[in-house]
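There are two complexes below, and they share subunit A, which is joined by subunit B in the first and by subunit C in the second.
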Partner chain A sequence: MARYDRAITVFSPDGHLFQVEYALEAVRKGNAAVGVRGTDTIVLGVEKKSTVKLQDSRSVRKIVNLDDHIALACAGLKADARVLINKARIECQSHRLTVEDPVTVEYITRYIAGLQQKYTQSGGVRPFGLSTLIVGFDPYTGIPALYQTDPSGTFSAWKANATGRNSNSMREFLEKNYKETSGQETIKLAIRALLEVVESGGKNIEVAVMTKEGLRQLEEAEIDAVVAEIEAEKAAAEAAKKGPAKET
Partner chain B sequence: MSIFEYNGSALVAMVGKNCFAIASDRRLGVQLQTIATDFQRIFKIHDKLFLGLSGLGSDAQTLHQRLVFRHKLYQLREERDMKPETFASLVSAILYEKRFGPYFCQPVIAGLGEDDKPFICTMDSIGAKELAKDFVVAGTASESLYGACESMFKPDMDHEELFETVSQALLSSVDRDCLSGWGGHVYVVTPTEVTERILKGRMD
Partner chain C sequence: MECVFGMVGKGFALVVADTSAVNSILVHKSNEDKIMVLDSHKLMGASGEAGDRAQFTEYVQKNVSLYQFRNGIPLTTKAAANFMRGELATALRKNPYMVNIVLAGYDKETGPSLYFIDYIATLHKVDKAAFGYGSYFSLAMMDRHYRPDMTVDEAIHLADQCIEEIRSRLVVAPQNFVIKIVDKDGAREHSWRRTTKD
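Take a look at the complex of A and B:
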């Protein structure tokens, strides 16, 4: 008799959960996503694979709202993302209904991570193939927060992080160049990190900015402007390096 | 004594020219005793949609919280506000879910729909919708309200005349009902602004 107690995620002899590790592989093949925490803004950026000509790109939203003050970006299986996001949105509202308070970023991250973990220890299901970057402001203290979860169900807070394709290069870049920023500087830092691994141009990047007022998706023109600024700065830095060398 | 008459309430919504008004009384009582004179019966769901709930105060508050929950989820998923007609269907469905143990409330829904066309409706406590083109009433003072609105209503009033008409209809009707009164709370909504006013009537 078919009963759903057949676990798919079981330990290997050397203590690995292969299904979880394979899920992480799926994440590594997903779109690059980066999150940077500033003092008054938190920026999420996601790589947009070059759009298929006939597709309406506005219908593919990679950065979504979980509540008025919380947003999420993810890398990995987008279909799994839909399910997880739906459950998280319901939990945000349910929390508001039962305790009459909005969720904190940590609470909803713990919930999502808990959900991801449940699917590594249940019968008949496979883990979610995605890692998420969750950003938001604490509704009481106004402190910005950036959290990351992964298919195993672990989560932690970050000042800046990246996931998906080439996340290691992006993280290295962020480790070298991170400093406390605010407003436009935070946006620039996030886009600079993304540009390390993505073709430059507003149509290959989707950027959203979370402030105390809420989430704002940047228009392509705005992103292009920042990209142009960054390239100009890079060119100026290159010229400055070559300049003094010539003079001597 | 009917459970619908436990707290006392009066609600009216009226349609004007590209605008609507929704008004309620402010009394919350426990049968004959008055407990509060600033009870909120009308709730904003979004800028162009208001919900009034008459009947048992506790059920009114609980129902409102559940509807906010559902509307927030709709907003997050659809990335837009709910149309008034859709919201009315949602309220009707939620009320009918409790067919054999209902919420003791009579909702009044008023909003601006497509092209800012005013929409009003009311329903009974198990979700039977009643659409109207002119006005809808609910609460313990509903019989007086029907009479007052029928005689004072004119089609296509502008928002100032509408405010006067709704206020007069409300105040005169609650004066005939011992369970509602202690002033009035009127919202007049046009496509560009929402005006909230408190009325001072017979404070009893």
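Take a look at the complex of A and C:
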């Protein structure tokens, strides 16, 4: 039994934690996920693989509620996600029980990040192979927040971020196109970012919107409508570019 | 001298509780809400040791919420009642909770229901229930006047008769009562019956 106490995550000679970096690789292979913070809305979007025809998609919810005012999306090992989400849900209720107040987004992010870190410094365990995007409204100030955690256990707040497959392209797009938005504009921005890397169509993306009233999963029809709007705008922009050139 | 009682009507369930917080001969406050709203369609009227009451009811409420987040659907009233009974039973032979509970709930499939759960983990599904010294009077009144499928007005009238009986016959009757109701539209406070302002 003593053999299993040896840490799996040990330092390399040049100061790297390879297990953590390999976990980040696992995240990079996971499905794309994006989060955008608006003034009164926060949007989470996740790529959905469309190859599974016989699967009942309702049983695979990729954007979940941690509490009435907090939601989470992740990229990476989904089984690891289940464990973290379960622990986080318990912590949300436990916090309410001991201090009679709901958790702040920062608190629960710090908790999840702390859990992820613990597994990089324990014997016989491997790190969690997922990065999370945590969104919510502060229950006291009503200020929206978006946080990201990763397998190393670091976390930070973002205006908009992406993780998972092709996250670099999505993040570049967001850096170029981000501006303070609200309501429907925030939803459009999130879906535009996802469409950079995902095939077009409502059945390939799952989108959820967090407002002060709570989390709302968008129907496929709603997503299709926004996608159509975005495609129309893109087509119009293309036409405008080509237009002046023809006149000469 | 805590009084908690409840009854089932047509499409709803009612829970009535006194609102006094007492220590020996001192009344701390007379607007203590002892009927906790467990979730959107469940009410839990609790009487007994104040500390145990708060501890146990809050613990149950948070676990009911957790179940809902984990599974995406709320617990049925029956499941919640059995969960509570299980917790009371587990603690009984070590560190018992001195709390008596009347659980009222409304489920879409089965309609309204009422459960009697006492501090030694007795669980009964009933149409009418009562705890405390007040039960001698409220149970007798309900036995005499209760009919299945009463309307809200008829049930409130019966509750008023019970409160009247408690007020006139119990030596140290509580000053104020609160009535809460649960039906298909959810659990909510119905009204108060006050003799003193707090």
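Definition applied: the second predicted complex is superposed on the first by the 243 of 248 C-alpha atoms of A that agree within 3 Å, B and C clash if a C-alpha of one lies under 4 Å from a C-alpha of the other, contacts with A are read in each partner's own complex, and residues count from 1 in each chain.
Basically, contacts are C-beta pairs under 8 Å (C-beta built on N, C-alpha and C of every residue); 3 or more make two chains touch, one makes a residue touch a chain.
What you are looking at is a predicted structure, and each value in this text was computed from that prediction instead of being measured.
Student: Based on the superposed arrangement around subunit A, label subunit B with subunit C as either clash or fit.
Tutor: Clash.
Student: Where does A:N65 make contact in the superposed view: on subunit B (first), on subunit C (second), on both, or on neither?
Tutor: Both: A:N65 reaches subunit B and subunit C.
Student: Report for A:K29: first if it touches subunit B alone, second if subunit C alone, otherwise both or neither.
Tutor: Neither: A:K29 stays clear of subunit B and subunit C.
Student: In the overlay, answer first, second, both or neither for which of subunit B and subunit C A:K87 touches.
Tutor: In the superposition, A:K87 touches no partner, neither subunit B nor subunit C.
Student: Do subunit B and subunit C land on any of the same subunit A residues, and which?
Tutor: On subunit A, the residues that contact subunit B in one structure and subunit C in the other are 65-67, 86, 89-90, 93-94, 96-97.
Student: Applying the document's contact rule, which stretches of subunit A touch subunit B when the two form their complex?
Tutor: Per the stated touch rule, the residues are 65-67, 86, 89-90, 93-94, 96-97.
Student: In their shared complex, at which residues does subunit B touch subunit A?
Tutor: Touch list, subunit B to subunit A: 65-66, 68-69, 72-73, 76-77.
Student: Which residues of subunit C touch subunit A once you look at their complex with the stated criterion?
Tutor: Against subunit A, the touching part of subunit C is residues 58-59, 62-63, 65-66, 69-70, 72.
Student: Tell me, which parts of subunit A touch subunit C in their complex?
Tutor: 61, 65-67, 86, 89-90, 92-94, 96-97
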